[in-house]
Amino acid sequence: MKRVVAYIRPEKLPDVKKALFEAEVFKMSVTNALGCGQQKGYSTTYRGVASEVNLLKKIRIEIAVNDDFLDRTVDAIVKGAKEGRIGDGKIFVSPLEDVIRIRTGERGPAAIG
Amino acid sequence: MKRVVAYIRPEKLPDVKKALFEAEVFKMSVTNALGCGQQKGYSTTYRGVASEVNLLKKIRIEIAVNDDFLDRTVDAIVKGAKEGRIGDGKIFVSPLEDVIRIRTGERGPAAIG
Amino acid sequence: MKRVVAYIRPEKLPDVKKALFEAEVFKMSVTNALGCGQQKGYSTTYRGVASEVNLLKKIRIEIAVNDDFLDRTVDAIVKGAKEGRIGDGKIFVSPLEDVIRIRTGERGPAAIG
Amino acid sequence: MFRKLFLNKKMILPAIVFLVITGARILHAQEEAAPTIASNAASIADTVIAVDTVWTLFCAFLVFFMQAGFAMVETGFTRAKNAGNIIMKNQMDFAIGSLAYFLLGFGIMFGTDMIGGFFGWGGDPAQSGSLRPFTFWLFQVVFAATAATIVSGAMAERTKFTSYLIYSGIVSALIYPVVGHWIWGGGWLSRVMGGAMIDFAGSTVVHSVGGWCALAGAMILGPRIGKYGPNGQVNAIPGHNIPLAALGVFILWFGWFGFNPGSTVSGLAPNIAHIAVTTNLAAAAGACSAMIFAWFRFGKPDISMTLNGALAGLVAITAPCANVSPQSAIIIGLMAGVLVVVAVEFIDKVLKIDDPVGAISVHGMCGSFGTMCVGLFAQEKFGGVNGLFFGGGVNQLLIQLTGIASVFVWTFSLAFIMFKVLSATVGLRVTQEEELRGLDIDEHGCESYSGFQIFSTQ
Amino acid sequence: MFRKLFLNKKMILPAIVFLVITGARILHAQEEAAPTIASNAASIADTVIAVDTVWTLFCAFLVFFMQAGFAMVETGFTRAKNAGNIIMKNQMDFAIGSLAYFLLGFGIMFGTDMIGGFFGWGGDPAQSGSLRPFTFWLFQVVFAATAATIVSGAMAERTKFTSYLIYSGIVSALIYPVVGHWIWGGGWLSRVMGGAMIDFAGSTVVHSVGGWCALAGAMILGPRIGKYGPNGQVNAIPGHNIPLAALGVFILWFGWFGFNPGSTVSGLAPNIAHIAVTTNLAAAAGACSAMIFAWFRFGKPDISMTLNGALAGLVAITAPCANVSPQSAIIIGLMAGVLVVVAVEFIDKVLKIDDPVGAISVHGMCGSFGTMCVGLFAQEKFGGVNGLFFGGGVNQLLIQLTGIASVFVWTFSLAFIMFKVLSATVGLRVTQEEELRGLDIDEHGCESYSGFQIFSTQ
Amino acid sequence: MFRKLFLNKKMILPAIVFLVITGARILHAQEEAAPTIASNAASIADTVIAVDTVWTLFCAFLVFFMQAGFAMVETGFTRAKNAGNIIMKNQMDFAIGSLAYFLLGFGIMFGTDMIGGFFGWGGDPAQSGSLRPFTFWLFQVVFAATAATIVSGAMAERTKFTSYLIYSGIVSALIYPVVGHWIWGGGWLSRVMGGAMIDFAGSTVVHSVGGWCALAGAMILGPRIGKYGPNGQVNAIPGHNIPLAALGVFILWFGWFGFNPGSTVSGLAPNIAHIAVTTNLAAAAGACSAMIFAWFRFGKPDISMTLNGALAGLVAITAPCANVSPQSAIIIGLMAGVLVVVAVEFIDKVLKIDDPVGAISVHGMCGSFGTMCVGLFAQEKFGGVNGLFFGGGVNQLLIQLTGIASVFVWTFSLAFIMFKVLSATVGLRVTQEEELRGLDIDEHGCESYSGFQIFSTQ
């Protein structure tokens, strides 16, 4: 099993969700985050004092998938999130050892979906 | 060492905390998240326009534990969070390679608690 | 590749960012979190009812790095975040199997930066 | 309309018709060559009515604005997930109350006395004494709505919306007007034990009626989930927006300058400024003493208690505002501020009645306390009787206590029956699921703070 | 200044100069031994003017405060990322509008009639009929600003700030004053078809002018990104702060007590309380019917629709408030509440014009509807003509409809041209990038809720 | 009480006592068969007093409401973690100030002149000139509270709560009343250099007193942690709630219509509308010029600067509002708008004094500037002297400058000593830990936005 974490542009969330649903990935958890990457931030002036904001709003999506779902999950995220401009985001894949469904106590790959 | 990540119902947080304390797990980090799973969302109407909300409020708990603590941590979370209804949440376990306590610079299993 | 997750004091974020930039780590994602650890919380009274708050505001930083960057990343975080007092936080290191840059489709170590 | 009058003299405006009929005397006095003593006297009388009407209307507008104050206080002191619901309740109790008080309530309160002073019948909303038609009704409706809206705070975060709507209609059409008739409408409490109950601006008529309805409601509803632990421990459920609640208190304080001084219903009343000053000093004293007492009790100057303290002072001074000296007002305020802190703790920790905003303590307890204070602090030189502390003996005090008790019995009983019936029929409380998720989503299908990240662990 | 008068009698204060010149008669009457009939009459006249001035000023202050109400409603009903921008627009349209109306607008509205009633020229802001100098201007400028500020809500979350500033100036200096002249300034609609259009406090003059400008603006701007899906589906973009929006509605309702009753421009007008009551009942009825109708249509009592319902009732009663009975006011309010729900849906789902706060429906539609109601519900006994339902025939109704139509044609055309020109020159809409990120950051370089975690997925 | 009067004729109400004593003349005029010239004159005099009282009270209520405005502005412009603390400070300075000004301050300000105009002693709060008893005190106490509350903004986010409470009492009981005595209470500045300092509604008496206290406080306190970097760089610490701050500005603007026109203390004063108009135009002009100037300086129309600009216009016009033409008011407002931007930058970047809300610039600088403007723009025809620009020479200007300077010296010195003493005894500043965590938690044990996710990286 894999844990997929993606950082995307906030306004792309609906598209990503749609792409994931089309790829039959129905489960996910979403957090909001601030990201710092190649994308330049913006500058604000508050009462005459300028400040650089280089933490930009991002959405963090976390999805646990079985190995055979990994590729289509990644592809779906890319499909939904890509604009081709700096700031589109990243996807991180890491190993997942176990999953427990709290409601039933089921464990492992069966619990993931 | 393991990293345990659990998504639970927000209102179960006090119970989960209690169960964890009873299992002598005193450290954790909590974030709020939106989850999408088997649990159906709800629909809202704003100014006559209906919309489906299928991202539901969840609490994300992240706990780093030594291997011998894994089971009781998982059990405690299940104990605290289980209602037996859809939407109870999931626990994800993944490998953790190193821990550093910032204050002292300690590393590894000793730094976890 | 490694995934570095650090929980730090909120007010240390500017310092940590500065230390990371000096160590040439320019990318990161930041979330806010509530943490429960050795640090005692504080008690509030609301309308005469006391309550203990032992979830304290923390900042969660997530950074994906190539293996050769791991040490300097950890060091930079420690440098920026350390006050020497309880509540300084922890750094967790776990394996990362793959990274995908959404904009270009690049994968692996090349996509991380 | 009128504004064109002087710009285009040729136009015959509907407005002129008015002027000809009722306002003409003044214009005549100006335009015609020979004013007489009689025409002058008539003009003066007309001007006096106008001043009284303008004063009463403005005060009524200020009292209306208190609706916004209540809405903000109640919203601020409850949780974000129920913010829209409480807002809706505050708006709708005024809307429904306005209609109910127009169609029924006013008639009961100020109509011809029936069954020996128990209620009235047939009062006409246009009837306004010497004021312009409808002035008096407007001033009264905003009072009725104040009584009604107090309840929403105590029953917040768990009451079914439909039931609340029904409650609003009943309180404005029946429960409040009957009490109002007793004390202000010429009913039995206005001629009792050789005197009259003195409740100048409504500590009892308005505030304690609201407070006792709130008590019945909160008792029957039961506490919010999580308010009391399984072993009886008391948990805090903090309000989500203290600045909004504080804004609400400022608005209420502002509106109270209409509530109390406006109850003269006359801009020529020589004591309007006196009343404004007693009102202000009691509020200030209430805030101070509540803060200090809470500091002493809980170790820190609690913000929500201090805000409640100011309101406690205001509620307490509402009955005696015209009959006591500014110095007495300070003392009354100081006591009310302490009382409210004690009452909140007592109701919360001893009675275990869950009143999220402290409505029972502020309006019920401090309202009764203030009404009693008339019997203690009143001074004849301000136009009434002497209270106990100023050599007037206990008679007025006993009248006041009779009034307080009768109003409690009537209001609490009726409200209790009403909420029980609602509970058994329409249902008074939302389901546990709805309560946990928040009333905004389940009752109104919306979120009040869309986009904001809100932790909802309670 | 004056305050020292009575404390230090020896001082010769500049203020005294005033008193000597204009206020002296009263003092004389008091100080001198022998008042005469004539001196009494003069004092009375002076007092009457003072009462009228005080009344008109206070109402003007309340109407000013409606700016805060609009700002809160519009902020609450839009997204957090644009909150500062909408606030700025609301503040600046009043600031620019004040200056523009002082320098130009008032002259056009109340100056000497030109080209047969089409516009005026040369009115002096100090000119105030029988009121104290400048009173009338102040009352008028807050009305002009109300018309102007309505537009910001409909064009929210995507309009370029610079263009909005230019628009503000034009509407206050030209578009609004011309309509005002037609109906209130002695222009052609005040003497048409053997009668006069009746728009007592401005359902048409103020509200529908604002509404039709909003319509033109929202049409030309196009919808917000994401409001309509690629296949034409309609998406909800929920407002970010319902309590703030509700506070805004309470403030507006409060301010309307200045708007309508104050339009008598006279505290001696015998119908000021009548007007306040029709105003209040229509608002209450509008809130009730909008809530019920929305409940019926969408399954739940929608909060934002109910808030809009109260405003709909207020806007609709603004024209007929002085000419109809309280009972008719309730009926008008009930109808307006339903109308606003229908109109919001129609504009949103059928016309696909994106109006985030419902300004076109509330102010344009309900304003016109209310103006029409004068022709239906007016009763001669309140000082005007009889409407259709009270045996007055269709003449007044036709006059009203003529007025509604002409104002629509003028306002919509001019606004359309103006926004088209702005669009082609300065640019009317921000870039897609700016819109997504929020206007606060890109137009003003700031965040409105610094530190708060806000999800910005739309 | 009074409201029953006409409903139940048989009742003998305490209220009647009042009427008999003081209000009777009017009723007599109405009820008795034969009014006389003298009875008419007496009734008129009584009515005039009533109108003046009603006007003064309403204006006082509006000024009271400014407390809410200050609270919202200061809350909005600071961080979420200190929101409850600033709210508490705003409420308590009014509460304590009310009591202190009742017990001591008023007596010093308006009592019998001592030591050649330096302070007064023994003024009785009931004393109200020709107004009803206590009217004048109420009007004065809200002014005193305005001066006091200004300081909380400049000292926000780091001041110990206890010290602030002590400060509030001292400023309302002593520092402010002395200045008030000098200029309004018949003290030395009201008879100096062959004339009198003109500060109609208190640019100096109220605003600059607040501003200079704020200056002393902010200097002694030092900047908030993180405001200035180790190498002297200036950091922005953005406010957390711009819509709330904007609401505050609207409320202040609204309240200013009581502040300036109400300072006539007379509804019959012929210039009340004139004053309202100069007030409004200066505010509008201040907002415009601050916005344009900030746009030019920083590249974007800064919201908080624009809001400050409106306040700057209001503060600046407060002294000259009754003595200058509307055109001059526009010019004064335009200049104040620019001045406030320059001053904020100067104080922040050059003096490195950390004033989170700009209180020193808005109230201290613009207050002094406005006071000076009287010497430049005053016109004799409005009831005072001619200023420099209208041919009156430099005398009045020199008087004004003398006043500004003396008030600065007195206020700044006393405030400096007071804050130094507080600092050395009770302690003026919270610990670093408390400041970082937020004053809400440490000073009051609560969170202002419970449940909201708030980033607290500063």
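We call the chains A, B, C, D, E and F, going by the order they appear; numbering starts again at 1 in every chain.
FYI, contacts are C-beta pairs under 8 Å (C-beta built on N, C-alpha and C of every residue); 3 or more make two chains touch, one makes a residue touch a chain.
The structure presented is a predicted model; accordingly, all values stated were derived computationally and were not measured.
Asker: List every chain that touches both subunit D and subunit F.
Answerer: Chains in contact with subunit D as well as subunit F: C, E.
Asker: Can you give the shortest number of steps from subunit B to subunit F, where adjacent chains in the path must touch?
Answerer: Minimum number of steps from subunit B to subunit F: 2.
Asker: Weigh A-F against B-D on C-beta contact pairs and write down the one with more.
Answerer: The greater number of contacts lies at A-F.
Asker: Is the contact between copies subunit B and subunit C built from the same residues on both sides or from different ones, judged by whether over half of the numbers are shared?
Answerer: different
Asker: Counting in whole Å, what is the centre-to-centre distance of subunit A and subunit D, each centre being its mean C-alpha position?
Answerer: Going by mean C-alpha positions, subunit A sits 52 Å from subunit D.
Asker: Measuring from the mean C-alpha position of subunit A to the mean C-alpha position of subunit C, what distance in angstrom results?
Answerer: Here the centre of subunit C sits 18 Å away from the centre of subunit A.
Asker: Calculate how many whole Å lie between the centre of subunit C and the centre of subunit F, each centre taken as the average of the chain's C-alpha atoms.
Answerer: 47
Asker: If a residue has to touch 2 or more other chains to count, which residues of subunit C qualify?
Answerer: 31-32, 44-46, 94-95
Asker: Would you pick out the residues of subunit E that each touch at least 2 other chains?
Answerer: Residues 37, 40, 44, 47, 51, 54, 58, 238-239, 241, 247, 298-300, 302, 304, 445-447, 449, 452-456.
Asker: Among the chains present, which pairs are found to touch?
Answerer: Listed in label order, the chain pairs in contact are A-B, A-C, A-E, A-F, B-C, B-D, B-E, C-D, C-F, D-E, D-F, E-F.
Asker: Can you list the residues on subunit D that touch subunit E in the complex?
Answerer: 1-8, 11, 13-15, 17-18, 21-23, 26, 29-30, 35-37, 39-40, 43-44, 46-47, 50-51, 53-54, 57-58, 60-61, 64-65, 67-68, 71-72, 75, 83-84, 87-88, 90-92, 94-99, 102, 125, 128, 131-135, 137-138, 141, 161, 241, 244, 247, 440, 443-453
Asker: Okay, in this complex, where on subunit B does subunit A touch?
Answerer: Going by the criterion above, the answer is residues 2, 5-8, 31-38, 55, 58, 60, 74, 77-78, 81-95.
Asker: Any idea which subunit F residues touch subunit A in the complex?
Answerer: My answer: residues 234-239, 294, 297-300, 302, 304-305, 341, 344-345, 348-349, 358.
Asker: Going by the contact rule set out above, which residues of subunit A touch subunit E in the complex?
Answerer: 10-11, 13-14, 32, 42-46, 57, 59
Asker: Applying the document's contact rule, which stretches of subunit E touch subunit D when the two form their complex?
Answerer: 37-38, 40-41, 44-45, 47-48, 51, 54-55, 58, 62, 79-80, 110, 129-130, 136, 139-140, 184-186, 190-191, 196, 198, 200-201, 238-243, 246-247, 249-251, 253-254, 257-258, 261, 263-274, 276-277, 280-281, 283-285, 287-288, 291, 298-304, 306-307, 310, 322-323, 326, 330, 383-385, 449, 452-456
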